[in-house]
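Structure provided below as structure tokens; questions to follow.
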Amino acid sequence: MFYHIKELQYEAKPDRPDPVYAKKLQEILGGQFGEITVMMQYLFQGWNCRADQKYRDMILDIGTEEMAHVEMIATMIARLLDNAPIQDQEEAVKDPLIGSILGGMNPQHVIVSGLGATPTDSVGYPWNSRYTISSGNLLADFRANLNAESQGRLQAVRLYESTTDPGVRDMLSFLIARDTMHQNQWMAAIEDLEQQQKAVVPATFPQELEKQEVSYSFMNFSEGEESKKGRWAKGKSLDGQAEFEYVSHPTAMGPPPVLNPSPPNVHDTPKRVTNQYID
Amino acid sequence: MFYHIKELQYEAKPDRPDPVYAKKLQEILGGQFGEITVMMQYLFQGWNCRADQKYRDMILDIGTEEMAHVEMIATMIARLLDNAPIQDQEEAVKDPLIGSILGGMNPQHVIVSGLGATPTDSVGYPWNSRYTISSGNLLADFRANLNAESQGRLQAVRLYESTTDPGVRDMLSFLIARDTMHQNQWMAAIEDLEQQQKAVVPATFPQELEKQEVSYSFMNFSEGEESKKGRWAKGKSLDGQAEFEYVSHPTAMGPPPVLNPSPPNVHDTPKRVTNQYID
Amino acid sequence: MFYHIKELQYEAKPDRPDPVYAKKLQEILGGQFGEITVMMQYLFQGWNCRADQKYRDMILDIGTEEMAHVEMIATMIARLLDNAPIQDQEEAVKDPLIGSILGGMNPQHVIVSGLGATPTDSVGYPWNSRYTISSGNLLADFRANLNAESQGRLQAVRLYESTTDPGVRDMLSFLIARDTMHQNQWMAAIEDLEQQQKAVVPATFPQELEKQEVSYSFMNFSEGEESKKGRWAKGKSLDGQAEFEYVSHPTAMGPPPVLNPSPPNVHDTPKRVTNQYID
Amino acid sequence: MFYHIKELQYEAKPDRPDPVYAKKLQEILGGQFGEITVMMQYLFQGWNCRADQKYRDMILDIGTEEMAHVEMIATMIARLLDNAPIQDQEEAVKDPLIGSILGGMNPQHVIVSGLGATPTDSVGYPWNSRYTISSGNLLADFRANLNAESQGRLQAVRLYESTTDPGVRDMLSFLIARDTMHQNQWMAAIEDLEQQQKAVVPATFPQELEKQEVSYSFMNFSEGEESKKGRWAKGKSLDGQAEFEYVSHPTAMGPPPVLNPSPPNVHDTPKRVTNQYID
Amino acid sequence: MFYHIKELQYEAKPDRPDPVYAKKLQEILGGQFGEITVMMQYLFQGWNCRADQKYRDMILDIGTEEMAHVEMIATMIARLLDNAPIQDQEEAVKDPLIGSILGGMNPQHVIVSGLGATPTDSVGYPWNSRYTISSGNLLADFRANLNAESQGRLQAVRLYESTTDPGVRDMLSFLIARDTMHQNQWMAAIEDLEQQQKAVVPATFPQELEKQEVSYSFMNFSEGEESKKGRWAKGKSLDGQAEFEYVSHPTAMGPPPVLNPSPPNVHDTPKRVTNQYID
Amino acid sequence: MFYHIKELQYEAKPDRPDPVYAKKLQEILGGQFGEITVMMQYLFQGWNCRADQKYRDMILDIGTEEMAHVEMIATMIARLLDNAPIQDQEEAVKDPLIGSILGGMNPQHVIVSGLGATPTDSVGYPWNSRYTISSGNLLADFRANLNAESQGRLQAVRLYESTTDPGVRDMLSFLIARDTMHQNQWMAAIEDLEQQQKAVVPATFPQELEKQEVSYSFMNFSEGEESKKGRWAKGKSLDGQAEFEYVSHPTAMGPPPVLNPSPPNVHDTPKRVTNQYID
């Protein structure tokens, strides 16, 4: 169960409105790697957690924090939309700044949300839950989380570069710092699990059941061998189980497939619409 | 540019048709972490790559291999659909096996694709490109890739557990082995990049610009302190820059937000729809 | 900002697992009118609220409660999935119950989420934010909220009818009761606003600017006049501004449209691909 | 069955082309609360109606009218796109008006539809049927309809404020007037049903089966008690069944959930990946 | 503008309810090539038509008919859902027919639509407008229409094969017949346009501006030359402009691409994260 | 299985960056009829093909070529994004060109993809697999393919008209030429199949089972008879089986539908919420 307090986790106030930037900032609110994604991903991972309580508790801690981030960014966007222009393009272009703002802002910020934030990304695409994963396997999911925090911090940094507004930059400097922590946190949690089990997910599948002759082979399907120069092409495998092998010319191990004809009641093209026409 | 050869990378032939299993197997074809996802993710990462050629080449090698996996699974699904029943439920239930098959298979495998595989997941939801990421930052993206291969192998293993068909299991044992390699590959590539730059993505953002007092603090937003027992709560941070700190009772650093009233031409509820009615 | 406590708002424990019911219950978790919808809708309405603080506070109260409902249903679904069967259909049908369960459950509950709840509906379709609205106009939005609680309670009642499990019914009886309150709450909030302004949204648009001769006319576009028997066809209009009028044979008020030809560089079909062929 | 006549219900002709406005106007054509939504929602409610014929007939009357509105707005958009610029940005910016138009219009209006309207919203997102509801319970659905007409009129008014074109404003004044009627119509239909049954949907569920001790309690989950000042917090409940109660400090009624470990063949993280590492 | 009459274009009444079949029949209502698709596609093509009135009128004739088909199928589905079972799986399986029905039907047909049709396909995926095209170029669009009617009739035939219900088959025999006409109609309209212009769309682009040396070459990118045996590999091109050429070993005409490094403020991986680690 | 070579099929290099054009060009990469669509459509048609090998091989040839087109356009887009501006709108508008570029480009090209192409269309909407069809019936699918190549060439031509960049136009001239071939190719393949079977899809359904009295009737559902002037309204039907008939006043062949009341446990509005209130 949750409680809300009115204070923001950190101040979210721009020095001046900027509706075009409001549109861009939506990316880290409702985008693929925005705050709604990590909030929902962590909450579901926590609620579904069947492992030790320290994991469940830790995941729900961070999930609850992400809700505060959603709130901060929503607040910032609403304020960036203060005084957004509402008029025709033709009038607007008399002032080039207003003209370019009208063209560059998200029209739904006026028409649909009345100067409020929306749970969408920077092109107005709605957030959807296929952005999240809660697999029941924590090592897999912590890797998802590390990726989400990496993409998220990268996007926040790019948004930091795209404005000079001190208030916006101040809020972003907070979010970027928290993403530093969260990347560290998931790295720590991954290390924790990798020390208890093998590094390959899922560690519980008996490796003798897999086709082991191709378990450590790098296959060069793209002409040229620049790919041979990497750590992935030689030396001990990262899971410590074998040596990497570089296959310069990978070949097919299966035959050409020929499918059976389908039964008549499916009304596919019959096997032999014969070749009488040509050949 | 690409060339196709008719042989499969590995055999994809079930011992017997099983249309209900065909529906399930769609998950690793067209699902969130299916083969289409990794194929498209790697190809776009390769084509967009502005870094050293060894990375571009390596990424395109594996992207090209994933196309062969898409082909194998599509072939397997078409064969699992051979002889799928097409009749009413009422007749079907005279044979309980057929009855449960009719209820359990994906109706589009008959009506739409005529016994062919579809680029959708196990509930028939279409594949979409928001499953993929190509950010231009390779460390971020390699973490995405490691996650995708972890979720993918986990799903393949669960599908292995859900059938006893030797032909299906044989193909899965190949895919599972390749996922072992691909997890190792991305771990190696991550190690490679982390040794050249800092572990936090993006490494190029000056850390003094972030709000550093919260860069290494674990915040306990969920009542109870089980989360204190983890590696993430004490000791050196994983990026080697600081010590983790555990904040038992995190408090708000910002004030309660109060938004400005909106202008009349937006037709929001005015600030003061006054309280005369009650209070 | 938010805090989480470990207790559930209300117990969420089935008497026995039931993976087919788990699939159905997803509807009120991640469906169009599920708990995620109301949670996100209310939180965004609250965060975007530029009106009196009593509205903002009220909306955030209920938004925060809905998060607890999401948590309860997610927990219930995870428990309904305990011991879900994982095997082939052919073996399964030896036991008709297991056979029909395998056909009727959501395969992603095993393959993707490993026996956890997912943020999707009862056909596995992901939740998306276009299910929500936060328009800035509270009377409009409170009507959206009353609808959401009406559809939500209706669905919960139908799910209550679809099980005999006492634990499930107990949780649903709690949610149904809260929906009773929430319908009452939005009716009260609507009455509050309607007493301060006109009933038609938005009340701030000068009615003399609309084409007033059609503002209170019921138009009978469907042959037959059963529709004349309703309250909507005669008597005082509900906003108290006029009398309803019933138009038996509505006629067009505009001319047939003829569009201009498009310029050549658009490569549409030219206006006069002439009729020389026939006529 | 339907018949079409060539005349428009009302004239739909702008005084001058305006491709940026064409993009915005798409919102009330193919957006969440656009005319396609109400058309499809009403048609399906009518076709699915198992209640008295006066409801079915009334619903299909309005559904048929909405089709005429779709036609009018599509026509208007096509005309607003007459002479839309097709050239590079670099040339365009020599004339600031053309430059901002090129940046602000929807590129699909040229590339995809060749200067025609599209069934999408103002950010180009396609219309989808999850925007609609036909639940079989008319009171629930009429509340959905009242909401749709409220959001729809609000958006039309905001679009009216965003242009000075007399032709566009004339068409909008007609649509706004019809929305006045349609809000009144659904309010009348709601009153009609509420007088025959209880106000809470569904009225047919025996209220003694719900957890009645929480059926009329306002729970204050958000710190601070501004929410106490509303009609929803005291006085008779709107369904006339009880008194509202204000709960200042709502507490959990359920225990903390602990989930069972999952079986090994699901390959989740085992319950006890033990804590030996730290603690 | 449209008018509705109460009669159906053709009877839509099953001999007995069949909720599993109701789910399947949704495909031709709200699927990719269902009746909603053709209805919306034709209406928008008609409304956007800037060519001769005979085309506009013809397109709107058929678009209006398709609305009657939507109505018929929606009616049929509602009737197939009469008496759909609502109970738990465990009780249901005592009767194997009911058990398999519960597993095989769409749960939203009870929970969401209360035994009504929904604007979705046979896996419950919502209809969306990206299924349609109205390009402004009629020859292109008539090919889209011929495809839609071909896929639609194929699906109707497969559904005819999947039932023995005389009432359902009677309605399908009508729809299949109309699809026969509609395929013929679009073939006729295509022939009409092809006789007035060239067969390649768009005919208005000067062919000397295309890279003409590859305009009629079949390129054999897939190992083996079975593809040489087709009409597409030799003889006069279908547009009558040239001879087909078969290229056995197509080669690249462009160089390997090397992208420029990105600027630092984008925070991509720098060009030279050098190779010092390995090589 | 596939192999990749580093060379592009054709050069893809603009003379100068143009981030606004990059956004537009996305349409033929990841749009409804972009190269990803044809690539995926052809590959799945090939893999699912149960007919003669010459068709399978031909389809896979072209599917493999389309992958090279995806690569070319992705490369072009990345280059068009070189040096895309990253700064605030307010600073940007000091230079009107930069101002309009910032407003007109896709913000995700910076924030998400770091100056790389994305698998989305020109409004940023993600590619999804419902754009494709592989039905198992080749005549149906070849019509889909002819449509895709027609829409695709039309869009490429419109993009050609929207730029003066010689490098971009050079690449487009290649793609437009290939689309000329591909339209010819599918026309040839259609002719090939139509000569072996009847022109109506599916040819295998016994035409005596359809309601033959309406199989060749053009029905005039839209007032006015301009539609009578077309080839579709008189003369021999295109399948050669009958004569077209023009029905000026089509009438209903079915009765008005009246649905049964639903059972109480569904909680729909009861049949007789009686009319006592009015009438």
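Letters A, B, C, D, E and F mark the chains as written, and numbering starts fresh at 1 in each.
Keep in mind that, in the parts below, a contact is a pair of C-beta atoms (placed from the backbone, for glycine too) under 8 Å apart; a residue touches a chain by one contact, two chains touch by 3 or more.
The chain list, named the UniProt way, goes like this: A, B, C, D, E, F = Manganese catalase.
As the structure is a computational prediction, the values presented were derived from the model and not from experiment.
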item	value
Minimum number of chain-to-chain contact steps, chain B to chain D	1
Path length in steps (a step moves to a chain that is touched) from chain B to chain F	1
Chain C and chain B - chains in contact with each	A, D, E, F
Type of chain D:chain E copy interface by residue overlap (half), same or different	same
Chain B and chain E: spacing of chain centres that average the CA atoms, whole Å	28
Mean-CA-position distance for chain B and chain A (Å)	9
Where chain D touches two or more other chains at once, by residue number	1-9, 32, 47-48, 50, 53-55, 57, 60-61, 64, 68, 75, 78, 86, 96, 100, 103-104, 110, 112, 114-115, 123-126, 128, 130, 133, 135-137, 139, 154, 157-158, 161, 192, 202, 205, 221-222, 224, 229-231, 252, 257, 259-260, 262, 265-268, 275, 277-279
Arrangement of touching chains [line / ring / star / complete / other]	complete
Footprint of chain B on chain C - complex, ascending	1-6, 47-55, 86-93, 96, 99-100, 102-104, 106-108, 110-112, 114, 123-126, 135-139, 192-193, 195-197, 202, 204-205
Chain F-touching residues of chain E, taken from the complex the two chains share	5-13, 32-33, 53-58, 60-62, 64-65, 68, 72, 75, 78-79, 82-83, 86, 110, 114-115, 125, 128, 130-131, 133, 135, 137, 139-140, 143-144, 146-147, 150-151, 153-154, 157, 160, 170, 173-174, 176-178, 180-181, 183-189, 191-192, 199-202, 205, 207, 209-222, 224-227, 229-232, 235, 237-239, 244, 250, 252-257, 259-260, 262-263, 265-268
Residues of chain C defined as touching chain A within the complex	1-5, 7-9, 30, 36, 40, 43-44, 47-48, 50, 57, 60-61, 63-64, 67-68, 70-71, 74-75, 78, 112-120, 126-130, 132-137
Residues of chain B touching chain D in the complex	154, 157-158, 161, 229-231, 234, 265-267, 275, 277-279
Residue ranges of chain C touching chain E (in the complex, touch as defined)	18, 20-21, 23-24, 27, 31-32, 96-97, 100-101, 103-104, 121-125, 154-155, 158-159, 161-165, 221-224, 252, 257-262, 264, 266-278
